[in-house]
Amino acid sequence: MKLGQLFPSLLTLLCAISAHADEVNVAVAANFTAPMNAIAAEFAKDTGHQAKLAFGSSGKFYAQIKSGAPFQVFLSADDEKPAKLAQEGLAVPASRFTYAIGTLVLWSSQPALVDANGEVLKKGKFNKLALANPKLAPYGQAAIEVLTGMGLLNQLTPKFVQGENIAQTYQFAMTGNAELGFVALSQVMKDGKIANGSAWIVPGKLHTPIRQDAVILETGKGNAAADALMKYLKSDKARAIIKSYGYEI
Amino acid sequence: MGFSDADLAAIWLTLRLASTTTALLLLIGTPIAWWLARTRSMWKGPVGAVVALPLVLPPTVLGFYLLLILGPDGPVGRLTHLLGLGALPFTFWGLVVGSVFYSMPFVVQPIQNAIEALGERPLEVAATLRASPLDCFFTVVLPLARPGFITAAILGFSHTVGEFGVVLMLGGNIPGVTRVVSVQIYDHVEALEYAQAHWLAGSMVIFSFLVLLTLYTRRPNLNKAG
Amino acid sequence: MENIEALFRVEWPGFSLNVDLTLPGRGVTALFGHSGSGKTTLLRCIAGLERPTQGKLSFKGEIWQNEHTWLPTHKRPLGYVFQEASLFPHLSVLGNLRYGIKRASTEHKVSLELAVDLLGIAHLLDRKPDRLSGGERQRVGIARALAVSPEILLMDEPLAALDLKRKQEILPYLERLHDELEIPVLYVSHSPDEVARLADHLVVMDEGRVVAHGPLSETLARLDLPIRLGEDAGVVLDAVVAEIDDRWHLARVEFAGGSLWTRDHGIPVGKHTRVRVLARDVSLASGEPGLSSIQNMLSGHVDAVADDDHPGLLLVRVRIGNSSILSRLTKRSAATLGIEVGREMRVQIKSVALME
């Protein structure tokens, strides 16, 4: 084959590929890392589209998106930031939906410390209580609501140690530096059950739901892969994966 | 708009942490630097490498291991419990311990370089003039290596002010106890409080610039050895 | 008990020192040798600046070092002058001098004034070391070592780092030290000229070992030294100025064996002095020579003959009274003259260096 023939055929080939399989850059809240990896793998298998994932703190993604970061889809750890982006004209308002609802759990690495009703909080026989910074993380905000409802907030505030995010909060509890911690169920769950330590799964009625919203960004408008991913996240297959990691939906 | 009370508390805490750390580091780092500068032992390499580790390690690694070691199940944590000191993580002194490790190379290396640059001769001269080694340290080494000590103190202080990863891991973000300026800035940014963040972040930029300016303009005035 | 007993063994890669020596407790002893001969290492061992593999050192009966004892440098009552003055740059000249004085024991002090006066540095006291010339720095270094009232002064090639002019500037001060101080001085040098001027005793070192030691004139007159002095071979004679000839500007000095004419250097009659006679300036003759420009002619007996560095040359030692003089001549002239041990010869001395 002569070079003159090779080039046009390559071009045709490339066009063919891009027409069938698009790419989408996704900013994913760090707490959703494991389920999203699993979902992206299935997504590629089922649709041929590639979801390129970036994980990090939702606050930082927000700042980066405002500065023109090249993401087409944003999976936030809360429902505020996607709404704000939509308001600011940086996201497509109609595309916003809740892809997962987080479950708050009071957890200890010690096997018998936490009882099934969270009575341990009232007894106060523990050194520190780890929670995510309520200003930054919905899980932290939820924890504050739970403690307020139980009338324990003022009493327990001196025992607070705050993680910058829910991952760090889990670290404090996991290393035993804090005997108790309000963490995400998804962090302590393995194969559908709580792997070790002791836990109280906090009833959802004790706090505002921890909604995690997804939204298509302005830059992703008309991107076939972005649309496909949003649709896929709502599929039964994806929901099953999400639930298996300890989220409600 | 200016600094909130929480910001001011963070600033005050940061200054307290950096001063305490610098003072401790000069006390601990000087003998280490002295030994590193003068020893011919086979341990010089390994000890020097350990001191320099924080230069290359991500602070989160250091913070994570400190959290494990100082924690209730860690070796140091057990010791502090036995001694009745309680647990160090989430306390001011826990941050001091973390900062001492974290800023160690910034204090040890300038002092070590200054002592190495002196060479053996001034020490030998002092000995022939009846000065004991300790006497010689205070009357000869300290004045002659003074630029090195000043550099060490400035770097140690400012590096501790700029510390973030270790504090994040070890601190637990307790206002007035472990919530230092860098964490406060992080919180402001994460909470989308950009104006507040600017005040603190801008101050940090100015502070760091002034520190470096002091360091670099001081250079030409170094004592010329005679 | 008045001596210094030193036994050192040092084994370092590429260097060894093996010395067992008794040094006199008075006068200037020169440790002489080429570089690498171990003379500086020996001095540093004595000062306690090096820790030899094995060592014993006693100073006038006091143990400074043996199997059980190690007196650190700052507890040894010595003064040390380094090759470069090594003044403390952060202190003034006075500050440098006082550094040692403050720390020295109060017994029998060489006063600050005396040290300042001996080295002529009174006008420099307020200066910082970086405002001094090389020669001035070394004078301050010597004064600083003296000001601690040492019981022994150790000097490690104090002139080696200086150019000829600076050397000439300092030598008179060193000669004053030699004349006026009563403490023993160990003086490391590789310069035959300095040794001839300053030393009373000579220790010759080579490859970490002592190859000869004894009183200066005797040791210099030895023909079996394994290190060759070449152009510097010669003897030093102790002498007294006996007569000054104002008309010809000459002085006559007497030594044990005769007298010599030399240029008048203004040294008064009756004063002790030393005279250096280099072997290359001495020629031998048999019988009475005729008129000659050479003023100094003596007679003596050939005492010993040895090969010199060059295969064509010989060193001949001639005994004149109680003194010895070395002469260097070619083997051919030795054969022509029939030089042999015991033979009486006329000794012609072309040039004599008088040292104050």
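The first chain written gets the first letter, and so on, giving A, B and C; residue counts start at 1 in each chain.
As a convention for this text, a contact is a pair of C-beta atoms (placed from the backbone, for glycine too) under 8 Å apart; a residue touches a chain by one contact, two chains touch by 3 or more.
Remember, it's a predicted structure, so these values are computed and weren't measured experimentally.
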### Task
Select the chain at the greatest separation from chain A, using centres from the mean of Cα atoms.
C
#### Entry: By mean Cα position, the chain sitting nearest the middle
B
### Query
Cα centroid separation between chain A and chain C, in whole Å?
88
### Task
Averaged over CA atoms, how far is the centre of chain B from the centre of chain C? Could you give it in whole Å?
55
### Query
So what's the Cα centroid distance for chain A and chain B, whole Å?
36
#### Entry: chain B residues touching chain C - in the complex, by the definition given at the top
121-122, 124-133, 135-136, 139-140, 143-144, 223-226
## Note on the structure
Interface with chain B, chain C side, in the complex: residues 47-49, 72-75, 78-80, 82, 84, 86-90, 99-100, 103-104, 128-130, 137, 144-145, 148
### Message
Applying the document's contact rule, which stretches of chain A touch chain B when the two form their complex?
### Response
57, 59-60, 62-63, 84, 127-128, 130, 133, 135-136, 160-164, 168, 171-172, 175-178
### Task
Spell out the part of chain B that touches chain A in their complex, as residue ranges.
64, 67-68, 70-73, 87, 89-90, 168-169, 172-174, 183, 186-187, 189-192
